[in-house]
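Each in structure tokens, the structures are laid out below.
You will see two complexes here that share chain A, one where it goes with chain B and one where it goes with chain C.
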Partner chain A sequence: MAASLRARTEPATATPEERQRAYRRFDLIVAVLLFFLFMGLYHVITILTVGDWDFWDDWKDSRWWLSFTPVVEIAMPAAILYIFWARFRLPFAATFLTLSLVVAEWINRVANMHGWAYFPLNFIWPATLIPCGLALDTTLLLTDSLLLAGIFGGFLWGVLFYLANWPLIAPFLAPVNLNGALMSIADLQGFHYIRTGTPEYIRIINRGTLRTFGQDPVYLSVAFAGFMSVVVYMAFIGVGWVFVRSQFSWLKKI
Partner chain B sequence: MATLLNTTKVSDATLRSEAATGPQWISAPFIAIGCGIVAFLMVAARLYQQQYAWSAGLDATSPEFQKYWMNLLFAQFAFEAVAAAGIWGYVWFSRPRDLSHVETHEEFRRFGVFVALIFVYVFAVFWAASFFGEEDASWHQTVVRDTSFTPSHIVLFYWAFPIYIILGITAYLYGRTRLPRFAARHSLPWLIGVAGPFMLLPVVAFNEWAHSFWILEERFAAPVHWWFVIFAWSGLGLGGLLLQACDYLHELTTGRAQTYEGTGGPDHDPALDFEREAS
Partner chain C sequence: MISSRTTPRAALRPALIALAFALLLPAVARAHGERSQEPSLRLSTIQWYDTTWSSQRINVNQELVVTGRFHIMGSWPLEIPSPETLTFLNLGVPGPVFIRAASEVDGVNGVSSMALRLGGDYAYRIVLRGRLPGRYHVHPMLDVLDAGAILGPGQWVTVVGDTASFNDWITTLTGRRLNLTSYGLRNVVGWHLVWIALAVVWLAYWVRKPLLMPRYEAVQAGEGDRLITRGDRMMAAAMLALTTVVAIVAYAVTNVANPVTIPLQSHQTKVPALDEPPANITIVPEQVTYLVPGRTVQFRLRVTNHGAQPVRLGEFTTANLRFLNASVAKPDPSYPPDLLAPAGLLVQPNRPIAAGESVEMYLEATSPVWETDRLTALMSDPTSRMGGLFMFFDPDGKRSIVEFSSSIVPTFTGHLEGEL
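Up next, the complex of A and B:
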């Protein structure tokens, strides 16, 4: 038997001012809640998809790191951006997410990677995506279009990643000569700190072909990341749409 | 100085006004205590790791490992069983039996408790997914495992995961038993937001099964870990719940709340009115 409905006309708040206070309180609680939620979800997805490239200096190479990281990382900002923009007209989802990610990563690098596994901080610093998020959000705000934000902001997201992280990685790309072998400071750090991932590093990263200190592969990787970020953005806008539609989904029985 | 005094006067007036309109909605002390307990449990586990992981957690066949780590694992299981039974039992057996005559103010208060419970749940998810998730990488990039029950796994999979699962189901049960709208039917996004992260625990079984075959320590971003990614995405179900909560809050504060009389879900769903208005 279905339930019948009876309307209750008395509001839970007595005055408009009290109602506004309730709304503001709800907004504040939800904002903090979302920050913790994104620190958890965005971070765990990051460590399980591009984690190794973000954990270590020597993995921050001029091909995989530059291409892989922004392309994979734009998925969740795109989905959340749709929810924030389509329902709340808030143009800061990508910035909010990237900020939460960097905060979560630094907490971990200091407390666990450095504080427990004893790696030096200048070997395990996280990359930043905050400038990419700012560019994506700003494009959305200026164009008022999810499509244009995807085309221009998505491309900027991919392209800006290397530029934003260049000041961080540059000191570790300086060449050194160790017993006749030419390598970067980052390589040298990696060989001093042998990890269970070192064989994969040698297989994937430290290959002879295109193994450079920057130069041509960087431009190719950056351009590829820009184009692919646009594609992934478009796909995951759809995921955001699905989650928004779930607002209307109720199940009478399981 | 004059500005400071004026500000103080305004603040006092605001405080008096809030005091006159009743207790604070969404109790900050409730959230602080809940998150404080979660933080205490997590920090205690982290300090235990700091003390005993390197000294007694490297060889699973050693007596020290049995003493400090396997006994910790069994103690965790016992704690979690008692906590789950106690909390879920309390929420279930203390439930009001008649939701058809709930007053709007009372429903509003319960909605605040519901939001606070979700906050504590999400806070626990942060510790599990982010803090201990990456900590697991730091350990397994450094130490080759000789057991599935490593010092990082014992805390991550069998402490942090069960705690957020207990809290998530608690919040779900609370909504089902106290809030008429959520008692009449299941919220699909909220169900996804609780059941999806819960599924990370079964994925642990697959993960360890696979690790026992291939010893995939080499790369943390290995495909064997990608099942975790799929279920982590389900946490976005909370986005759909947020929209439902906004709709619910608007109804409660503007005199448009509904009472559900009878059993089962209503034929007409007021939540869908919002959909029609939006489109």
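Up next, the complex of A and C:
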């Protein structure tokens, strides 16, 4: 009994191979835990900020959805990206996060909004941010600079959100006539599939004066999203920096 | 040694746990919280009347039509944002168990948000189609900007049939016919899978290498730059190019496949109230009390008939509750019985009010629903007021509706002094 309580005198891993195997197990455990952690955190942030713009087809407009979503959603990837890069030189944080988000969103939409609240899935599908994450990660690796990654990758983040999600939303923007009112299919879905807590007037869509610059506000929205994504990226790189300075003492102890 | 024999004490434990669960688990929700709305919202804002449901049992895909009228109180409480800004005719149901095929207010398409006039009466019509089998409480409802939903009366409607048989076919302006229940979903899922596959490729490229500890040690040793290889950069360049090309090509292909698209539409309009002749009857409240022990609202009113015909008081309605004077108005069998006061409306004097006559009337509206619908909670509202509609009928059956609003005082001791 007393022998088993004595401190070990030999290392836990005797050979480099054993050490590598231990590292891989550690990688696997951390990766799985982080995936679920990010699913929860990033999804909650998305629900609390983007919310209805991502929940419903008839909120996915050419102004607020396109500009607001990428600008808000780049915050957490920027902070995590800094941590992964500064401490591990790993350039996949944004992709990892956006993948975890889309998995969490589909689970929520299928189990909750479709399974419990009966909304058809073609009305409640989530947008994808994966191409934005890929662009941010790869520009970081290619430029080897957090600043340049922010400028080029951050701008691409905002622009790619529109390009990648246009194929998803466009079929729902075909025009229909409902008793004399011109509507898109997405609007019609919102009218048909009753939401007691979401009256028509509560939708924040296409409000503003961007159209005074031209007939279609999309391109201005996208350019604005790209520019603001760069700004938010820079701010949240700072958050990552603060986190690394304050929180990584525990890893040194390991 | 542990005995396998079950002792009475051991048997009691699961029974107690089961009892605790039975007591703690909520009962089945029978409606959706209409009784939890503040009394002032229900008594003093919108009065619903003439509500009908075309059926109480429909098949999947079959239509259900809800019609009726509502009166926007002219004495709308100052503390509640008014519907003169924006409202939306909605439906209080547990989710999209029906689809709303059409709706209108005074003939104006109900897809719009609407500005309504205080003191106005409006007729509405909502056409639904059964989607999911079940038994549902169906209310007409007005959403008022910044005030929230104000529910009309609810009726139980049963939908029967097969969920899978539900369809929602529409035709676009470009002539394409499609089923809204599943339209576009395959395209959405397909694109998500494409992007998920690309993400997995990028992550797999990195996960196959040692990740955390060796890299952390290298970075700490100042050898972080050595961790990025030429192969990594080539992979990154390829992924960036692939991502951009896929996005641009997808965008272009989508534009070709969907040549006609429009922005999301937001409709807002102003709806004129029904053009009805004003009621030639005035009501001046002298005293209104709520008799707590009797669950009775007592009115002492001065009623003046300015019209050319005698009239009789037939009904008082407020917060979707109907109090009928049995000698004048007959109950509508299709109206939800829980919203009809069994004791009706006591009217003294219960006789016609002659043309030009002014009479003091005493009324009693007695019903347990004042308590069960939590309307007596108005005593704890910052504004204790009672509103509603009085309905008078002339010998030809013509109805005159008079809005009523008054402060109300609780009484715990007895009937109004000087009862007629």
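The working rule: the second predicted complex is superposed on the first by the 221 of 254 C-alpha atoms of A that agree within 3 Å, B and C clash if a C-alpha of one lies under 4 Å from a C-alpha of the other, contacts with A are read in each partner's own complex, and residues count from 1 in each chain.
Definition applied: contacts are C-beta pairs under 8 Å (C-beta built on N, C-alpha and C of every residue); 3 or more make two chains touch, one makes a residue touch a chain.
Keep in mind that this is a model prediction, so the values were computed, not measured.
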Touched partner set for A:F243, first chain B, second chain C, both or neither: first
First, second, both or neither for A:R87, with chain B first and chain C second: both
Which superposed partner A:P199 touches (first chain B, second chain C, both, neither): both
Which of chain B and chain C A:G51 touches, first, second, both or neither: first
Partner chain(s) touched by A:A117 [first = chain B, second = chain C, both, neither]: both
Contacts of A:W157 with chain B and chain C, given as first, second, both or neither: neither
Chain B versus chain C as contact partner of A:Y233, first or second or both or neither: neither
Partner chain in contact with A:T128 - chain B first, chain C second, else both or neither: second
Chain B versus chain C as contact partner of A:L41, first or second or both or neither: first
Set intersection of chain A contacts, chain C complex versus chain B complex: 23, 26, 30, 87, 117, 119, 195-197, 199-200, 251-252, 254
Chain B partner contacts - residues on chain A that touch it in the complex: 1-15, 17-19, 21-23, 25-26, 29-30, 32-33, 36-37, 39-41, 43-45, 47-53, 55, 76, 79-80, 83, 87, 104-105, 107-108, 111-113, 115-117, 119, 195-197, 199-200, 204, 239-240, 243-254
Interface residues, chain B side, partner chain A - complex: 17-18, 21, 24-26, 31, 46, 49-50, 53, 104-105, 107-108, 115-116, 118-119, 122-123, 125-131, 133-135, 137-144, 184-189, 191-192, 217-221, 225-226, 228-229, 232-233, 235-240, 242-245, 247, 249, 252-272, 274-275
Complex contacts: residues of chain C adjacent to chain A: 32, 86-88, 90-93, 95-102, 104, 109, 111-113, 131-132, 141, 143, 145, 149, 168, 170-174, 176, 178, 180-185, 187-189, 191-192, 195-196, 198-200, 202-203, 206-207, 210-216, 218-220, 224-225, 227-228, 232-233, 236-237, 239-240, 243-244, 246-248, 250-251, 253-255, 257-258, 260-268
Residue ranges of chain A touching chain C (in the complex, touch as defined): 20, 23-24, 26-27, 30-31, 58-62, 86-92, 95-96, 98-99, 102, 106, 117-122, 125, 128, 130-131, 133-135, 137-139, 141-142, 144, 156, 160, 163-164, 166-168, 170-189, 191-197, 199-203, 205-206, 251-252, 254
